[in-house]
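Consider the two complexes below, in which chain A is the common component and chain B and chain C are the respective partners.
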Partner chain A sequence: MVDPLFEEMGKVVPEGLLKGSWEGKDGAIYLPLPEDAFGGVIKGFVEKGLVLVGLFCEEGFREGERFTLLYVFEKRGYERLVVLLRGLGEGRASSVARDFPSASWYEREITDGFGIAFPDGPDGRPLFLHECYPDGFHPLRKSQARPREAQKRTAYAFKEVTGEGVYQIPVGPVHAGIIEPGHFRFSVIGETVLALEIRMFFKHRGIEKLAEGKTSEEGVLFAEAISGDESAANSTAFCECAERIAGTRLPARAQHLRTVLLELERMYSHLGDLAGMAVDVAYPVGASPFLVLREELLRQNRALTGSRFLKGAIVPGGLRRDLPREALAALGAYLPSFMERFVEAAKGIRSTPLVIDRYAGTGIVRRELVKPLNLSGPIARACDVRIDTRADHPYGLYAAMRLTPRLQQDGDVLARFEVKAEEVLASATIILQLLERLPDGPVRTRCASKNGYALALVEAPRGQSMHYLHLRNGTIVRYKVRTASFCNWQAIEHAVPGNIVPDFPLINKSMNLSYAGTDL
Partner chain B sequence: MKDAVKNLLGRKIAGDAAVPTDRTDEEFERLGHELRKEVSSIFGRSLAIREVDTGSDNSPEIELNNLTTPHYDIERFGVSFVASPRHADALAVTGPVTRNMADALRRTYDATPAPKLVIAIGDDACDGGLLKGSYAVLGGVDKVLPVDLKIPGNPPTPEEIMRGLLRLMAAIRDRKATQHKHR
Partner chain C sequence: MNWLFALYFVLNTAVAVALAPLLMGVVKKVKAWAQGRRGQPLLQPYYNLAKLLRKETVVSSNASWVTRATPYLSISVLIVATLSVPLLFLPGKTSAFGNVILFFYLLALANFFMALTGLDGGSTFGGMGSSREMSLSAILEPLVLLTFLTLAFVFKTFDIFGIVGTTSQAGIFSVDPVLILLGAAFFVIIVAETARLPVDNPETHLELTMVHEAMVLEHSGKHLALMETAHAIKQLLLMALFINIFLPFGFATQPTAASVALSLLSFLAKSIILAAAIGLFESSVAKLRLYRVPGFYAVGTFLVVLTIILEVFR
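Now for the complex of A and B:
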C-alpha cells in the first residue's frame, strides 16, 4: 500500500527524486533535494498548504557536504513529517521566508549559529547574538572557539515608525515585575499602540552547543533547563528522540506515569496564566483561588518527584525511579476536590463584568496567522484551529487516547482564558483515568546509545515543542530545539497593535510565552 | 453578598480533608516571624528587593512570585518586591549571567542606591550551574557583581529562600558588630 502522505508528495516532487527518500527512525520522510529542484518543491509545498514547523542546520550531517539545512514540514492531517534536506556547497542559501514567514527567525538563527547567509531574506539582522558578540563568531560551527572579549558590534537597528504624533516607549530587558527579560518597543499614538517590535534572546545560554559531546543521559538535564515550567514536556521530547533512535519501547507503567507528569505540568502552568491574567486587570480576588490551587499542585509535584517543577524524573528509557504509591494515591484523592474548586474559581472570573470587559475583544490573534507563523498550543486553539500535537502526532500514551482539542472562536484574551480553563479540567480528567488503570511493573528499560538521528514533537503547555537529536559514538553531535514560544512570540507583534498600552501586560500574560524557552 | 456569607460560614480550604496538608505553611510562618524581627531592627521595618533575571530557566521567578501569593504572602513579614532598582535595598539575581544580559545587570546595579546587597538565587546564579562553560554565559553572578548571599537550589523553594534571607540578616548583624568593635 502506498503511504497517503507519500502519494501526496508525489504530486509535487519529481518521481526520480522521491526514490532517493527514506523513512527515518522517527517515521518522518527524509528527502534530499538537489539545489535546482529545491525552489520548485517549495512552491509545490506552498500550494499544498504545508506548514514549516522547523528549519535548522547541522554541520557534518552527511558525507561530502559541510552544512545541511533540514526543513521540517507538516501536512495537517498526516501524522508523519516531511524533512527536506538541502546540502550547501557554500555559506549561503536562498531564503524561503517569503513563502513561509516562520522561516524568518529560523534563518536568522542559522545565520548567527553557522554563518550561513540568506541574502534575499526579509530581515538580515542578527537574532540571538547581541552586540556583545564579535563579528564572525558563529558558535554552532564545530571549529568555533569562544568569542573574544571587548569587540562590540554596531547597535541593533529597530524598525522606525514615524508620523505626526507617533512616539516610542522602550520597555526592558529589565521589567517592573518579577518577569523574564526581553525588550519591547511600542510605537504609540495617544494611548493606542500603532506597532510593536520585540527583541528577545537576552537569556541566550547556548544550550544546544552545551549538549554537544554529552551522553543522552546527561543531555536530558539540558532539555529540562530549557524552560523550567515545561521541564516534563521538554525532557519527554528529548527522551522520545533518544528512544526512537535506539528503538526502545517503554514499559507500560513508565508511559502512564510520564503522561501523568505531562498533564500535571499543563495544569499548573495554565493555572499560573489564569491567575496572571486576573492580576493584570487588577482583580486579585479572582486570581487568588487559582494561585492557591497552583501551589497545591506544586506540592503534589514535590510529593511525586521531589521537585516542585517535576525535574529529574524523566530519563531516556522511562523514569529515574517509580513514583511513591502513597503520593499517587493522594493525587487521585485530591483531584476531584481540585476540579470542584477550579470550576468555582473560573466561575468567579466569568461572572465579573469588569474582568470580561477587559478580556473580550482584547489582543486578537487572527486565524490566518496560525499556519504562516507556525503558531501552536492554546493560542492557535483559541482562534478555532484544531491542532494539538497529542492528537496530530501522538507520542507515548496519547496514540491510544483520541483527544479532542478544546476550541474557541474569537482569538482574544477571553478565548485563551477559556481554552486554558477547559484544558486544566481535561488534564485532571486524564490523570484520574490514568491513575485508575495504572499498570504495575518496571518504570525504566535500557535505552541503548545507538548512532542515528530523530525528531520528536510534543505538546507542551504553551504548544508544540520540536526536538531533534543526533547521536554518534554514544554522544550528542547535534541537539536542536524549537519550542512553541519561539514561534508564538511573533504572534504578539500582530495581536497588540490597535490595543491600548495598558492592555499589553494582559495580552502578554494571556499568551504566557517562555523567554527562556525561546532564547535557549 | 451571598458569596461573602458563604465564604465566612463555608468550609475553609485548610480544613478540606482531600487537600494535602504538610508542614510547609507552619514552617514558613515560623521563619517569617523570625525574619520580620530581623528586618524591623536592621532595615527599619521593610526590606525592598528588585529582581533581575539574567538567564534563568524561569522556575526561580515562579518561586519568587509565589512568595507574594496567598500561601506565603511575604509582604506581611516586611519584605516587598519593588518595580525599580531605585527603590531597592537588595537585588535578587536569578540565572547564570548571560553575555546578552551582563550589561543590563551592571546598569541595574549602578541604578540601585548604596548601601546595597546582591543575592544570587538558584544554582545557576550561584556558580553558573549546568550552564557553566558555555560560550554564552559569563558564570555565576559573582563574576559580574559582589555577591552578599547565595541561595542554591534548582530552584530553591519559598522556604529555602526564606532561610537564605535569614542567613543574610545574621551576616549583616555580624558585619555591623565587627565594624562597631573596630571603631
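Now for the complex of A and C:
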C-alpha cells in the first residue's frame, strides 16, 4: 500500500506490526497491537500529533480476547482514521490519559461499563454510574444482569478549591428553568470563578445497551433519540455505519435529500443557540427574530418529513420515503427571504453595544485545548482551528462539495456567535444549491444486513459525532456513540474560570452542549 | 387625626394595593409586544396572586423566624410607606409621614429583611442574591440620597407632601426646568430599586444571574404572594413619586369628590404610560455585566451633580 497515512504510520509503528493491519469497510486502518508495543506506538502518535477521536471497549470483538479496546485516531489532513486494537487478557489496562487528556472520560466510561480498571489513570471516580448502582455492576458486559436493588455508595468527591474566602456553589441537577439535568460545582471567590467541575449522566438511558440485539432498522430509531435536535445527524451516522458494512451505495436523490435534512438541522439548531445567547443576556427583543425563524424552519421540517425534529426520515439505505415535491419547492422559495431576515436579525444583535459588551471576551476557549480535548464544531472553529468533519472526513455528498469552514479568532462568546451565524447562512446556501440540481430517482435502496463493523464520523450541529456499529447475524452486537458534546463539555471547565458567576449561563448557552447527547 | 386624614389613609392605601399588580402586568405586556409576542393577560399578576394565596406555604427546615416574619414585615412596611406618597390628594399641610428620609429607609428596611431571608434559607442562590443586593444597594444609596437632598434644596423641604403640594399647584416647569435632569436620575432609581433591566432581570430563570429573584426564590405560597405584592407596591410608590413630582398635572389640589375622581383617572393614565415607558426601556437594553452596574448608577449620579451645580451657581 502506498497510502500516505500508512507511510506516516510506518515511522512510528514497527514494520512487522504494520503488516498485521487491515483496511476496514469504513476505510480506516485497523491495527492490532501487542501489549509490549502499545506504549511505544502511543508515544509515537503523540509526537506525530495524532488526535484521539474516540476510545471504547467491545466484548468479544475478536477470537481469544474477552475485551478489546479500540483507540480511534485521526491525523489532521488525512481522511482515513487509524484504529489501534488492544486486546486485554485481564480486567486492567494502562491509561493513555496523560498523553491524550480526552481519554480520561473514555477510560472512566469503560471502567463503569465493562469493569476494566485503569489503575494509573488521573481520575479513578465513576462516570456514568452514579451512587445508586451497586458495586460490581458493569452494564455493558454481555453477562451482566440487571441490578437487583439500588445501593448507596460513597458520595462522589468533587475537586474543591479551598482557602480563605473561597466557597462552593453547587448548581443543579435540578434547575430553575426547563433545562436538562447536570451538576455544576463552582469554586468561587467573590463573584469570580476559580474552578468549575461538571457532573453529567443524570439522564443516562443506556442507549448503547438497548440497541444490542436489535436489527439495524430498529437501531436507527435509537440513534435519532440520542439528542432531540441532532436526530438527522445521529441517524445519518448510524446509517453510514450500516451502509458501509453492507457496501450499499445510496441513490443520488437520497444523498441529496439527506444532506438537505442535515443542513436544515444545523440551521434550526444554531438559531436556537443564537436566540438563547440573547435571552441569557436578557435581550429577548434581539432573540425573538431568531426564534420566529427557527419556528418557521421547524414547520418546514414538518412539511418535509412529518416531524418537526426530522425524526423517522432517515433509514439505512436512504430515506423512508421521498419528500413531498411541493414541500421541497416551498422550502426553495422560502430560503431566500429567510436569509434576508436572518441577516437583519443578526444585525440587530451586532448593533447593540450592551449585548456585544457581554459577548466579547467572555468564556474564552484557548486554541491549545482543541487537540488534547478533541474539541470540535463551532467551539473549535471559533478559536481559529480549521476542523469540520464535512471537509476532513467527508461522507455522503460532502466529498464533492469542498466546504471551507467558517473561522473566528478570539474563542469567546462573540466568536461562537459569529461562527454560528455564518454557518446558518452557509447551510441555507448549500440547501438552495442542492434543491436546484436535485436528481430524480428512488430514495431508498436495499441495505443488506451483513456481518461486520464500521465507524462513521459526521458533523452534527454541535460538532463531530462518532458512531461505531458492529452487526453479527443481522443484529447489533455493539453500538458505540461519542457525540461532540461528550468531548466539548470538558471545554467549559476551562472556559469558565476567571469569568464571573453571572456570566456562566451565557458561556454555557454559547457552547450549547447537549446533556442527552452525553448521557447516552 | 381628622376625617380627611382618615379618608387619605383608606383611599391611598387601597389605590396603591389595588393598582400595584396592574402596573406589573402593564410592564410585562409591553415587553411581550416589543418581542412580537401576544403576552400574558393584563390581569395575570392578580390571577397569580390569587393562585399563590391558595397554595401551600413551604418553608426550608433550615429557616429561622426571619423567613416566616419577613413576608408580613415587608407587606406591613410597604403599606406604611404608602402613606408617605400621596397618590390622589393631600390630606393637609404637613404630616410626619411625608418625610423623604423616612420613606426611603422604610424601603431599605424591607430590603434589609429580604436580604436576610435570602441568607436564612441556607440555599446557595439566596445567599448569592443577598450579597449582590447589598453591594448594589450600597452603591445606589449615594444616588438616592443626593437626588432627594437636591429636591429638598430646591423645594426647601424634606416633606414629600410639601414638594407635591408645590408642584401640583405650580407645575414642575414653573418651579425649575433644571429638574428634568433630576427626573432622569429618578428614573435610574426606579429601574434599580424595582430590580429591572439593565440592573437585574425580573424574568430570568437563570439562578446564577439573579439578584432580587434569588432572594425570594425560597418563598412559596402565601409568603411569596406577600413578597410579590410588597414588591409591586414598592414599584407603584416609586412611580407615583416620580409622577407627582415631575408630571403633577391632574393631581387634586382640593379634596373634593370630583377632583379626587379626576385625580384617580389621571394617575391611572400616567402610571400606565410610565409603566409602558419602563417596559420599552427594558426592552431596549440588555442586562449589564454585574461589574458595570455601578456605571449605570453613575449616569444618574452625574445628572444629579449637574443639577446641583446648576441650582447652586445659578
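Throughout what follows, the second predicted complex is superposed on the first by the 518 of 520 C-alpha atoms of A that agree within 3 Å, B and C clash if a C-alpha of one lies under 4 Å from a C-alpha of the other, contacts with A are read in each partner's own complex, and residues count from 1 in each chain.
Throughout what follows, contacts are C-beta pairs under 8 Å (C-beta built on N, C-alpha and C of every residue); 3 or more make two chains touch, one makes a residue touch a chain.
Keep in mind the model is a prediction, meaning the values are calculated, not measured.
Applying the stated contact rule after C-alpha superposition, one finds that A:171 touches chain C and leaves chain B untouched.
By the touch criterion stated above, A:153 is placed in contact with neither chain B nor chain C. By the document's definition of touching, of the two partners only chain B reaches A:303; chain C does not. By the touch criterion defined above, A:501 reaches chain C but does not reach chain B. Contact with chain B, but none with chain C, is seen for A:210 once the two complexes are overlaid on the shared chain. In the superposed pair of complexes, A:226 makes contact with chain B only, with no contact to chain C.
Of the two partner chains, chain C is the only one that A:282 touches; chain B does not reach it. The partner that reaches more residues of chain A, of the two candidates chain B and chain C, is B.
Looking at the shared chain after the overlay, A:292 reaches both chain B and chain C.
In the superposed pair of complexes, A:66 makes contact with neither chain B nor chain C. In the superposition on chain A, the residues of chain A touched by chain B in one structure and by chain C in the other are 176-178, 288, 292.
Of all the residues in chain C, the ones that touch chain A in their complex are 31, 34-37, 124, 128, 132, 197-198, 201, 203-209, 217, 283-292. Interface of chain A with chain B (complex): residues 128, 130, 132-133, 139, 144, 146-147, 173-174, 176-181, 201-207, 209-210, 221-222, 224-229, 231, 272, 288, 291-292, 294-296, 298-300, 303, 307-309, 311, 330, 333-334, 336-337, 341, 514-517, 519. Those residues of chain A that touch chain C in the shared complex are 169-171, 175-178, 191, 278, 280-289, 292, 352, 354-355, 357-358, 500-505. Interface residues of chain B, counted against chain A in their complex, comprise 13, 16, 18-20, 22, 24, 51-66, 69-71, 81, 83-85, 95-96, 98-104, 108, 130-131, 133-137, 154-155, 157.
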